[in-house]
Structures are given as C-alpha cells and as structure tokens.
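Following are the structures in question.
In what follows, chain A forms one complex with chain B and a second complex with chain C.
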Partner chain A sequence: MTGWLDVLPWAVAAWLLGIGLYGVVTSRNVVHLIGCLSVVQGATYVLLLSVGFRTGGIAPVFYAKPPSTSAVDPVTHAMVLTDVVVGATVTALLLALVLQLHKRRGTLDPEELRPMRPK
Partner chain B sequence: MTAALLPPWPVAGPLAIAGLLLAGGRLLPRRGPDVIALLTTLGVAAACILLAIGAADGPIVYWFGGWTPRDGQAIGISFRVDLAGASVASFIAGLFTITLAFAWGYFDEVHAHFHVLMLLFMASMVGFCLTGDVFNMFVWFEVMSVAAFSLTGYELKASPLSGAVNFTVMNTIGSYLFLGGIGLAYALAGSLDMASIGRVLANAPASPIADAAFVLMATGLLVKAAQVPFHFWLPDAHAVAPSPVSVIFSGVMVALGIFGLTRLSFAMFTGVPAVMAVTHTLLLGLGVASVVVGGAMALLQRHLKRMLAFSTVSHTGMLLVGLALGDRAGIAGLLTYLAGHGLVKAALFMVAGILLALCGGVDEIELRGKGRQIWPAGVAMAVGGLLLAGAPIGLMDDGLSSLAEAAKAAGNVWLLPVFAFGAGSTGGAVLRATGRIFAGLGPVAGIEEQSPTEQEQEKADRSFPFMLVCAVVPLLAVLATSHRVDGLAERAAVQLGAVAHKGAPVSSLLAWSGVAFALLLAGTGLWHPALPRPVLKTAKFLVRPLAASLSYVHSGAVCDYVAWLVVGLALFTAAFALV
Partner chain C sequence: MSAATPRGMSPRMRLVLFALAVLAVLPGVVHVAGHMPQFGAHPLPYGDAINAAAPPERHVTNMTSAVNFDYRGFDTLGEEFMLLCAVTGVTVLLRGGRGEGTAGRPGRTGHRPVLPRTDAVVLTARAGAGVLLLFGFYVALHAMTTPGGGFQGGVILASGMLLVFLGDGYAAWRRVVRSEAMDACEGLGATLFALCGFAGVLLGLPFGQNILPLGTIGDLFAGGLMLVENAGVTMAVGGGFLVVFIEFLEETRVVPGADER
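Entry: the complex of A and B
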C-alpha cells in the first residue's frame, strides 16, 4: 500500500530540516542555535530510519527466527548510531566553545560574536 | 609487506600513536611529542608513496575483516586506493611533516595535545582519500571536521573562539546534509560501496531521489571546500587559527572538499545525466563566482591571514572549475593545481606565522616597514605572491595550463580571463602586503583600511632561520617539481574515469597577464596617491560601492551564513528543475 503513511517520514524529515535551518538563521542566542542544530540533525535520524524500515519486518535479531525472516535494515541503524555519536561530540564541543566565549565577550548573541572587527 | 595489505596502516598507525600520545604524553621529555609526531607523519608519507606505486596499474581494494562482496553484494567496508587518492594522501602526509617541523616548540605548554589533534586530523584526511565506502567517507569527513574545530579555537581567545563557532556550525550543517544524501543514495542502491552505488544508479531510470542525493552530498562537500555561497566561514576560521593549523586548512583541508566531490562524481554519478548536466553548468558557475569573489575580497583585506584565506577561496574555485569541465586535462589540472597551490599557500601562511612570532601581528598597515630586519622572509613572500599570480614556472603553472587547456577544449575561452583575474588579484594582494611590510612602501592606505583586523601575537622564542627554512622548502618543492607530475596527474585522472578531449596548449600569455595584473594591482595599492586626481576619483567612485557591499555581505554573523547556505540549496534545486 502506498499511502500518505509512506510519505509521512520523508515529509517529517524535510520539515525538521527546514524548521531547524529557520531556527539557526533567526537565532539570537548561541545556546538556542545549538539546539536548532540538533533539530537539523533530527531530520537525518528520521530520514535514515525511514529508509531502513520494512513494513511487517521484525527487529534484526535472528535468535530463534529463520534468517530469511523479513527484518528492518540494521545498516541504517548503525548509521544513526554513528550519527548520534557525531552529534554528541559536536554539541559538547560547541557548548564548551560558547562557554569560553561567554566568559570573554559577556554575550551570547551571534550578532555580537563576530570574530574580527574593523578598527 | 605487500601493497595489498598496506591500505589500513596509514590511517590506523597515526590513530594508534595519537591514542598512546594522549595517554602517555606527560611522561615524555619536552620535545618527545614533537619527535614522535614527526616520525609518524614521515612513516605515513612513506606508506602512501608505496601505495601510490602499487596503485599505478590499477586500484588496490582492501576489504576490512575479509568481508569481500559475495554475489556482487558488498556488505563490508573497503578502502579503494587509486593513484589519485594515494598521491593526494602522500601530499597530505608531506605537508603535515613540514608543518610539524614549523610548529617545533610552538605548543610547549600543552604537552602533547596539539600533536594528538594533528595526528587525528592527518589520519582522517588520509582515510577520506583512500576509502571506497561512502558512509566511511562521511565518518572521516566528520573526524577531520572535529579535529579542525578544536584546533581553530585552540587559543581560547575571543576571536578564535568566535571563528571556531562559525566554522563548527556551518560545517556541521554541511555534514548533516552530506549524511542525508548518503541515506538517499542507500535507499536507491541498497549499498554504501561507491562502486556498487555507481553501477545501480547508471542502470536505474532517472529519479529525483538520485538528484537529491547528489545535491545534499555536493552541498556538504562544497561547504567544506568553501565555495560561494557556502564560503563565509573560511576567512573567519583561517584568519584566527594558529598559523601551523592555517597551513593545513588552506594547504589541503579545503581542497579535499573538491577532491571528495570529484571522487564521488566519478564513482557514483557519471551514469546520471541530470547530475552531469548540473555539474557542467551550476558547479562551473559556482567555481567562477568563487574565483572572482575570493580574489576581490583578498584585495580588500589588511589582515594578512584573512587575505590569504580569501585567496584560498579563489584558488579552490579554480579546482571546482576543473571538476566542472571534467575531462582528462581538467581533472589532471585539478590534481596538479591542488598540490601546487597547497604548497605555495603553506609557505605564505608560514611567513605569516613568522610575522606573528617576530613582529607581533599580521596587519599590513600597522606592520609597515617593520619587516625590514627579517627581509629574507619578505623574499619568500614575494616569490609566493608571484607564484599565486601565475608566474610561468612551477607546479601551479602546470596545473593552470592544464585547466586552461580543458577550458579551451570545452569551448569556454571566457574562463581564461577569469583565471587571470583570480590569480592576479590574489597575487597582487600578497605583493602589496609584501611591499608594505618588508620595504615600507605605501604610507597611505587605500580601501583596505576599513577591513576587520585583530591584535595578536604567537610564541616568539623560536629560531627565525629554522622557521624560514620550513617556509622555503614548500616553495622549492613547487619549483623543483615543475613539469614532473603532469604524467602522474594524467594517469590518475584516467584511473578516476576522466576521458580526454582534444585540446590545444594555451600560450604563456595567460600566465604573464596574471603576473602583469598582479603587479598593476600591487602598484596601484601602494602608490595610489600619485595617480592623477580624476583617475583616482573615478576609481573610487567605481570601487567603493562594490567593496562596501562585498564587505557588508561577509558580516561575521553565523546566522547570515546559514541563510546563504539555504540560498545555495535553492540554486541547486532550480538548476535541477531547469535541466
């Protein structure tokens, strides 16, 4: 059956990407901006999981099941796990940078945090 | 050890040593980490050269854990070492060696942390060049990015931290898009092996999902390659990172974005006509825009490292033009130019590092005449500027000739003046700064006075002759390898799958016009008060609004940059709608 349910995950992924980018563009606080970045990342989670989904498939654990049983694709799960690790690393690094930056500039507004200024 | 078992080592070796250094760095004597890191990079360079020799007759494919494909179905992860990948990897390891030598004693206070990050950085770059699996490529891309982010903000001062935040946000969005593209490619092909995906896509009917996969992957790599309109993070990051790190950033990291896109295009998308059409049109346009914008912005800078950063945007644009032309001469030119530009830019950033250490800054207006005592560095910088401008000698010139030949073969003769503009404006900017800093010329600053700058200093108690030697070595390498790598680059391009078009060699007029344009611009920058008043007034009238709007767009606020990224995505969508 190809109905709206098949399209839904793709639409959700596109929506998360769009709204996340909108949030980053309009953000006035770097911590909020990092949150929006995680929303953008959420789009990749949903996309990958929907790519690997098989209707009626079991979890890819074949203990006490014949190997030919239809199962969801574990490769995309491995990709999502890697993606989670990447996201955690980058978020932690960004928060550390922002913490140091706040100590030096005393603000979190991206407009005020430009790297160099004209004399 | 045979070449067939060698592929994992140039990546696994430095990763293991980085781990050991992190664990035991404190127990080592003061120069211990320097020595170990240098030996590691030398070892990796040797291994990559062996791989390149082994790959001369055809790619070496290594399946990790013995997971070879069965019935044509690739489940495992492979390194697919071709001549281009192994040569670029050797170049990377060589550049890291000379950079670590240049950084000798720079990072004393922090034990081995700098070296750990640099080894991680190098291992991920080499992995990026050698891998045959597209998700594995993403992982190396990401490791490379994280190492780069932390190296940028290393100084923990306000400007480096801000630059690192802009760099991180832009590149992270880029890598998420890249990953989304991989997901779509996997949905179509059911495999992550580049060669398998390529076979499936070539036999599948045209599908918007394949187009979308290309758009997302290309955007991710073009953010890394800092091409218009995704380039805004680059000057922020390269200008504030420690000089040895900037050497690597501008020397090879940015160009790897284009190299990755080249590998992806040839391995996966040659059988998709819509993607090829967009490559030949939109990517060509973006490359040309980068050449022009980067060149113009370089001329407007007073902060030397920021100037060099914009020059990198411009010259990387030439690489993208080579990819967009896509024939054998174009790809061979891309590979040669990548090496030539990387070496010249490395030398120039090392001269900037020398100025930061010995003169306490890189602002050309404040440093006017202060470089007289260290004039040999000025000679190196002038040579670097002339090579950037396209002087008809050395690797850069070889690459540019090939690119020009490809442009002519494709009937795009209008690209030649674009090349001359990019080369001339970036070379001119460097020559102007050289004249001002090392000869005390140009007492009246021009329009560059209004551009952003920063007070800074790098660790000073390092030996000037030694640093200078490190900066001169890459320049000598560029000159000594003149006309020696053309054959290698051509064979690498053929192995990637580029076909030859009949082209005619380009006369050396192109090279000389670049140099002449550079000298004209440098002369105008230094002696503009001597111009007749009406000429000066007209020039100001014409240049001011253009310069002001360009500077306005490069705002320094990351939110604006992401808005431009969305514009870039829209451009791609429009291009696919039109073909």
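Entry: the complex of A and C
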C-alpha cells in the first residue's frame, strides 16, 4: 500500500533538487547562485535521511536503551553529518571565488561574464 | 536581442532548455518515487548489522560515531581531505590575492565609520563565548556515548571563538586566534586521522584496525582508537573553520593609500 505520505519524502527531495536547479539557471547574482546550490544539496539530506528512516525507530544511540531496540539507520546519518560539514567549507570556497571575481571583474552577474582571454 | 550574439545563450533560451530537461526527467522521477521501498518500513540490513555489532565489538553506544570513525573510517579520511582541500583553496584564493601584509586597518568596510560596541553586546558576546566553548568541548568529548563528535563539536568551538570578534573587536580576535596556529591545527588534525588509519597497517593489520584497548561500554573514554580519530577530526574541523573565518575577515583590511574597488 502506497499512500501519499509514502511518496512525500521523495517528492520533497525531487522538488528541492528542481527548484534549486531552477534558481541556478535563472540566477542573476553568483551569491544567490551559491545559495541555490545549497538548496540542491538539501535535497540529498532529505533523500538520505528518508532512506534510513524506520517508523517507531529510535536514534541510533544506545546509551539509555538496550542495543536490541528498533533504531533508524546510522550509516545514512554518518553520511549526512560529514556532508553538512564538508558542504559548508565548499560553500566558503565558492564564496572566496566570488570575492576574487568581484575584485577582478567588478560584477556579480553571471550574465556579464566573458571568457577570459590573454592580454 | 537575438540568441546569436556573442553573449552566449539568452536567459529565455536557457529557461526553455531547463523546462525541456524537466519534462524529460519528470516521468522517470514520478515512476521511481511511486516504486520506492515503503517509507519507514523497508529493511535496513547495513544499519541493523552496525546497530547489532558495534556495542559488543567496539564498546561504544553512538552508532553514527562508530560508522564515521571505525566501520567506515576510510570514507571519513576522504571527507577529511576534502575539508582540507576546500580550506586550502579558500586560503590560496584569498591570502594569495591579498598578500600577507598587516599594515592596513582591519575590520573596515570602505570608509564607513566603525561605531563603538555597546556594553550589552560586549557582555553578551563574552558570556556567550564561554558557554559556547564549553558546549563545544562537551559535544566533541561525548562522541562515543551520546550524540556528538568532532564534526559538530569543531564547528561549535569555531563559532564560539568567532564571538570574541563580535564582542571585543578585530584586534582582540586576532590576538586570540593566531593564523599560523590554526593552519597547524587544521593540518595536524587531518594528519592525526590519517596516522590512526595507517597505525594498523604498520603492524601488519588492515587499514583503520582499532588497536587500542576499547574500555568499558558507556564510559566517556571507551572506543580505543576512535577517541584519537575524534580528536583529530575536532582539530581539523575547528581549525579549518577558524582559518576560513580569518581569511574572510582579513579581506576587510583597508590598506592605506590603496584605491577602493
């Protein structure tokens, strides 16, 4: 039996991916573009956590509960955890590129950019 | 405004192409979403195997840390070096373009005056920094027992240090957070993680083999080699984020006589 609630997590992940890509395509400011890229990345978090979810399962921490308790998947949690931290530094790297772009070209609009040519 | 100008593809054309791509992919997405394993009720063989094996085998109660630092420690090594590469990239781009001169007045944006901070801001930031640093150490230390670990703890520690800038200004912040020390912290943290992985190899065991005594389950310092790896990740993440903060804030340094751009 597949109710609408069973499709919702995948639909949300697909929507985040689509709306993020739409933002990337129509962006007129590279800082906005990097924000859209983070939305695309958000789709992977929703997808991974939904894949690892189990109805009624506890968080995979057995400090106060016996290890036989039904728990959600710790593997996807570990993936998302490292993804968040690495994603933040990659965003910082992209913003550093934006700073250099603004210094050299004086614009943040991707439409204004030309291919680089040797002087 | 024809599409044949050297401007490249017009925004309108790009949007049409995007719509076509969405139309092409959408049926597949709908089909897959309708045929995914049932949400919340499908088998999780890998996760269940970890949940069953890690408490007796590795003497830890936080399964996510067991995956990150032990069972899939090799993957975390890759992520650690992605972090190192991204931070190195930020440093090369910003410090490389700016130079290492420290003659200019920092913490300015153009010629706008810097207003003095109110006492309320200073007090809140100082009190908050202490609490946040304590919380960061708490989260980083409790990697093996309760939800926590070096990734989260490192970010909280770096944010706590950033409050020094908010409360006491740029000069005080740079006196507390030394650029060279943070570079070293970042690199040594990643190195420590790699060495922990290769320690087993040197003894003729597989990569990442947990070779230290495991301790008692539920104890703060159980988990053997995972504790050292967790310390390495805390150093790398905390140091890495602080390096990024330093590099971006150094961009506000206005060199006297240089033209504003």
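One rule holds in what follows: the second predicted complex is superposed on the first by the 112 of 119 C-alpha atoms of A that agree within 3 Å, B and C clash if a C-alpha of one lies under 4 Å from a C-alpha of the other, contacts with A are read in each partner's own complex, and residues count from 1 in each chain.
What we mean here is this: a residue touches a chain if its C-beta (ideal position, glycine included) is under 8 Å from a C-beta of that chain, and two chains touch if they have at least 3 such contacts.
Remember, predicted model here, so these are calculated numbers, not experimental data.
Asks: Output check: A:Thr26 vs chain B and chain C. Expected answer is one of first, second, both, neither. What do you get?
Replies: both
Asks: Tell me the contact category for A:Leu101 with respect to chain B and chain C: first, second, both or neither.
Replies: A:Leu101 sits against chain B, while chain C stays out of touch.
Asks: Who does A:Leu47 touch here: chain B (first), chain C (second), both, or neither?
Replies: Touch status of A:Leu47: first partner only.
Asks: Taking the superposition as given, does A:Thr82 touch the first partner, chain B, the second, chain C, both, or neither?
Replies: So A:Thr82 meets both chain B and chain C here.
Asks: With the two structures laid over each other on chain A, which partner does A:Glu111 touch: chain B (first), chain C (second), both, or neither?
Replies: After superposition on chain A, A:Glu111 lies in contact with both partners, chain B and chain C.
Asks: Does the superposition put A:Leu93 against chain B (first), chain C (second), both, or neither?
Replies: both
Asks: Show which residues of chain A both chain B and chain C reach, each in its own complex.
Replies: The answer is residues 21, 25-26, 75-76, 82, 86, 89-90, 93, 97, 100, 111 of chain A.
Asks: Using the touch definition up top, name the residues of chain A that touch chain B in the complex.
Replies: Against chain B, chain A makes touches at 13, 17, 21, 24-27, 30, 33, 37, 40-41, 43-44, 47-48, 51, 75-76, 79, 82-83, 86, 89-90, 93-94, 97-98, 100-101, 104-105, 110-111, 113-119.
Asks: In their complex, what parts of chain C are in touch with chain A?
Replies: Chain C reaches chain A through residues 7, 11, 14-15, 18, 22, 29, 32-34, 36, 38-41, 44, 46-48, 50-52, 55-56, 61-64, 66-68, 72, 75-76, 79, 82-83, 86-87, 89-90, 93-94, 97, 145-147, 149, 151-152, 154-155, 218, 237, 240-241, 244, 247-248, 251, 261.
Asks: How about chain B: which of its residues touch chain A in the complex?
Replies: 135, 139, 142, 146, 149-150, 153, 156-166, 168-169, 172-173, 175-176, 179-180, 182-184, 186-187, 192, 236, 239-240, 303, 306, 449-454, 555-560, 562-563, 565-566
Asks: Considering the complex alone, what residue numbers of chain A touch chain C?
Replies: Per the touch definition, chain A meets chain C at residues 1-2, 5-11, 14, 18, 21-22, 25-26, 50, 52-55, 59-63, 67, 71-78, 81-82, 84-86, 88-90, 92-93, 95-97, 99-100, 103, 106, 111.
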